[in-house]
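Below you will find the structure I want to go over with you.
Labels run A, B, C and D following the written order; every chain starts at residue 1.
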């Protein structure tokens, strides 16, 4: 495994990490989750990503049990949570958002579900237009000073808001945000490559990127339509199904098919190629993988040696295929 | 129920909330209080207001037992306390006021009585001319940083003192006050509408207003004199009885009678009309209701749909009636 | 009892308070100490003064047991400790002074001996030329923020050092010192009346003064020499005995004798007159009394009504007698 | 014993202190370590130095057991730990360095091994080019404010980095670093005497120096080659063996031999002379001794009276011998 600094910070995350999104607490029960975490750990993964909203808190409970069962050394791995959407299907007004009340309560609830004393990373899962950034920054700082959180950051925030949070923290002598968790893949590049570019330089932002396969599109599995039983066929994933429909959807699938051809030519899988491409962006601290089966996880972990092999010419061909 | 932000903060309170003042621990024992809280909760109320001085601490004990019995989810409701008057009939010199000693001790005592780990809202119940504002602001900040309080504010403070507290907090990088709890009703409007006007803009002040019925006067129940058994007839309420005496008192009752006529015309009750009028002030975060019977509480909760129906013309008629 | 603010702070101390110095843990065992504290409490005393060094910690143990036995309400009284001299006859190098290590360790030890969760007042018992003021101020601030201390101050510090501590605290946004504990009596007036004068105005300094009887000299009991069994006859009080020897000592005794004559004329005791004189300085927040017998304590408590009776002319006569 | 302030701080350390490096948890088991600590304590030593990396944590466990067994008064001694290298032979990426995660986790682990509630001194064992100094300074400040550490500092940091850490701490109102732990002996003088010179003046830096005998070279025991069973003959000490090889190594040994001659002439041992020379640098707060036998420790402790006897002429002869 390769380890990278989380932006300018001293925290070293595995370049490939493992997330609970979609799978934990849904397809995956405690036993399966434990096996996948053990597999990732054996391959050197040291960052396990989670959020209050994943399976309405159940993803954190499953991960907490697995981490406890496996007796992983607490100082050798990092675990995250994210606050914003709440941990229930129908959160009440104070059970979501980035108010001091919810940021603090959600942290304590995540600690209980994950069965740890502190979160290594704690993300604001979305901007909250109904809470002043100042209130959220102060709450994060209080959590860090009280030892409940080590590093805090954002997920899917526009660069301008991240800068405002950072500036307020510095002006008030508070712990500034250290990382972002953006979507990043061959089909969605602008934010990580363009919008955040000044932030890497100016505030040392780290990134833990999600959806390297564009929710499975780049794995090639939707090339011939949506298979029954796949994520896209289940309720709650209408947003994803829509991404594949219409002219734009067809264009996306075409790009996925061209990528698959190139992968075949190189003797690797589409998924490996797509992940390896993400890894070759130096501003990516860690690419978060999702997987529901061991074989799939191991396939994806194979992207790391592949990434080291890819030369500039091949990188250009990948980008051309997905353009 | 409608939920409103507490001023500029991210905390969302129900537009109608429920307070323990006067009733809890006096007319109302544990069982009755629990039923009223359950009723309010079922109607969407998420803020329960209290103070150390209400029934000398007994109001908090009653509420704490009720909240515990009902097993309301801690992250779905807000509970407050207020410090200044002390929690006994004859407080000793260090048992009242806004000294660091009393602010901190009163907080811990309220937590024990309310049976919670932290107060969502903690108010300075009056200004204390014998304690420098700086001392109180520092004590509040320490309580917030130590997780004992989420938001702090004031009750019945002149605008100028609120601004001074806010300015000191900002200059010293401390948690600033976020809300005020003023009296607000058709008979007492100036402070909320005029005096505090700059504070909404400049420091994002929220308000949780008390006495929407002017201590019952606007409910019309004193139109024909003080009934035996009513609050005004009991010792300790001389201050209220005086408000209804003399030329000024007569004028007040006349306004209440005109309001009652209008209410009859609109097919609602005086109380509903008076409360609905408060709700239509956008700077009011939450109107605190008191009630000693379920029917009364439900009547008052009916003010919310009414408020949405009131057009500008009717609002003007209400104000004219109470002028 | 009369209660006074501790300088500009909101803390109200009884104008007469009761200290453990010299008596507790020496002449006075647990039973006697408890009775004296009960007596003081019954007369309205709410401040009990102590220090790590009094009887090498035993004075605090005795007081802690007494406060616990008497079940005084924690929010109705104040208890102090002082750090500097250490709590043993032969302190090791890290067991005395105002280093961060000793300030913090001494606080926790005093809390254990006094059997309380926090000290209301915590004094630096002397300046420590071998510790930078900055280190001590930071340690005090950390104790206050962690809830172990409510107010901190100094004892027998020159005005200039108090100002430096205050200035550093304000510059670094730390809790500033609030009070001094100086010796103050008819024979030693300059520091309280002249040296500290600017501090009352500029930083709102409060004072809890010790030795209103100049270690018994003003009680008149040494007028005819040192009685056997009196404090001055016991080892460890050589410093006090010396104060009464030589030309200066004789002058002191002469002043005490003139004061005794005046007291007789006014029909009060020397001690009452000396204490009442202290009380009439508005910058004195509380005069700390020591006593080894109930009768003596009650005599001294009688100084408060006396003080209110003394007119300007009598005050001038007192000062002339002691000049 | 003589006690010295740790730079400008108020902490007083014994001029000679005792370290666990190399010996504890290797040659020395619990019983031997306890006896040596008891011996040092009986001679007035009050500072016991340790680090997470010494014998991979075992040195701290051994010391913690010894301190507990001996029931030394917690406020009379100081114990240290150091963070950077990790506490295992093969630390994982998050188990070493000066990231917030490792600084905080290593502190809690050291507290558990040493069986104390707080570290008196906590050192950054080396600079970490992969962590911004700001992150480490903030983590140290949080540990101090939470009562887990009393003083923090560095070990083997270049002056420029110490100054940067200090400047950042002051600008952000955080606890600044207070001490350095450099190697200092007759063969390695420049850093302590030249590089750090401005730091003593400007930031009041204290120093706890290690290796007064240059890892045994100055004891004279390698004069005739490396004896079997000595440290240099064991695996893991290649770096030390190399220091004695080649032209440079020969020069070192020659200096050691000249020192031995002088020692013989003065009727003391080489080790005593070398240690006494260190003690006579006023900027050295404490010279850390290592020892694996009681006789050796007592011999080394004899350097203190010797140091007081050495006049300027003899100091010059020592320096000439080692030049």
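Here, a residue touches a chain if its C-beta (ideal position, glycine included) is under 8 Å from a C-beta of that chain, and two chains touch if they have at least 3 such contacts.
Heads up on the chains, UniProt names are A, B, C, D = Alcohol dehydrogenase.
Predicted, not measured: the structure shown is a model, and the values here were computed from it.
> Can you list every chain that touches chain A (Alcohol dehydrogenase) and also touches chain D (Alcohol dehydrogenase)?
For chain A (Alcohol dehydrogenase) paired with chain D (Alcohol dehydrogenase), there are no chains in contact with each.
> Any idea if chain B (Alcohol dehydrogenase) and chain C (Alcohol dehydrogenase) meet via the same residues, over half in common, or different ones?
Copies use mostly different positions to touch.
> Measuring centre to centre with CA averages, how many angstrom lie between chain B (Alcohol dehydrogenase) and chain D (Alcohol dehydrogenase)?
62
> Please tell me the distance, in whole Å, between the geometric centres of chain A (Alcohol dehydrogenase) and chain B (Alcohol dehydrogenase) computed from their C-alpha atoms.
The computed centroid separation for chain A (Alcohol dehydrogenase) versus chain B (Alcohol dehydrogenase) comes out at 44 Å.
> Could you list the positions in chain C (Alcohol dehydrogenase) whose residues touch two or more of the other chains?
145-146, 173
> Return all touching chain pairs.
A-B, A-D, B-C, C-D
> Taking the touch rule as given, give the residues of chain B (Alcohol dehydrogenase) at its contact with chain A (Alcohol dehydrogenase) in the complex, in rising order.
Those in contact with chain A (Alcohol dehydrogenase) are residues 3, 5, 8-12, 14, 46, 73-78, 120, 144-147, 150-151, 173, 175, 204.
> Give every residue of chain D (Alcohol dehydrogenase) touching chain A (Alcohol dehydrogenase) within the complex, in rising order.
Spelled out, the residues of chain D (Alcohol dehydrogenase) in touch with chain A (Alcohol dehydrogenase) are 92-95, 97-102, 104-106, 109, 128, 130-132, 135-136, 138, 142, 145-146, 172-173.
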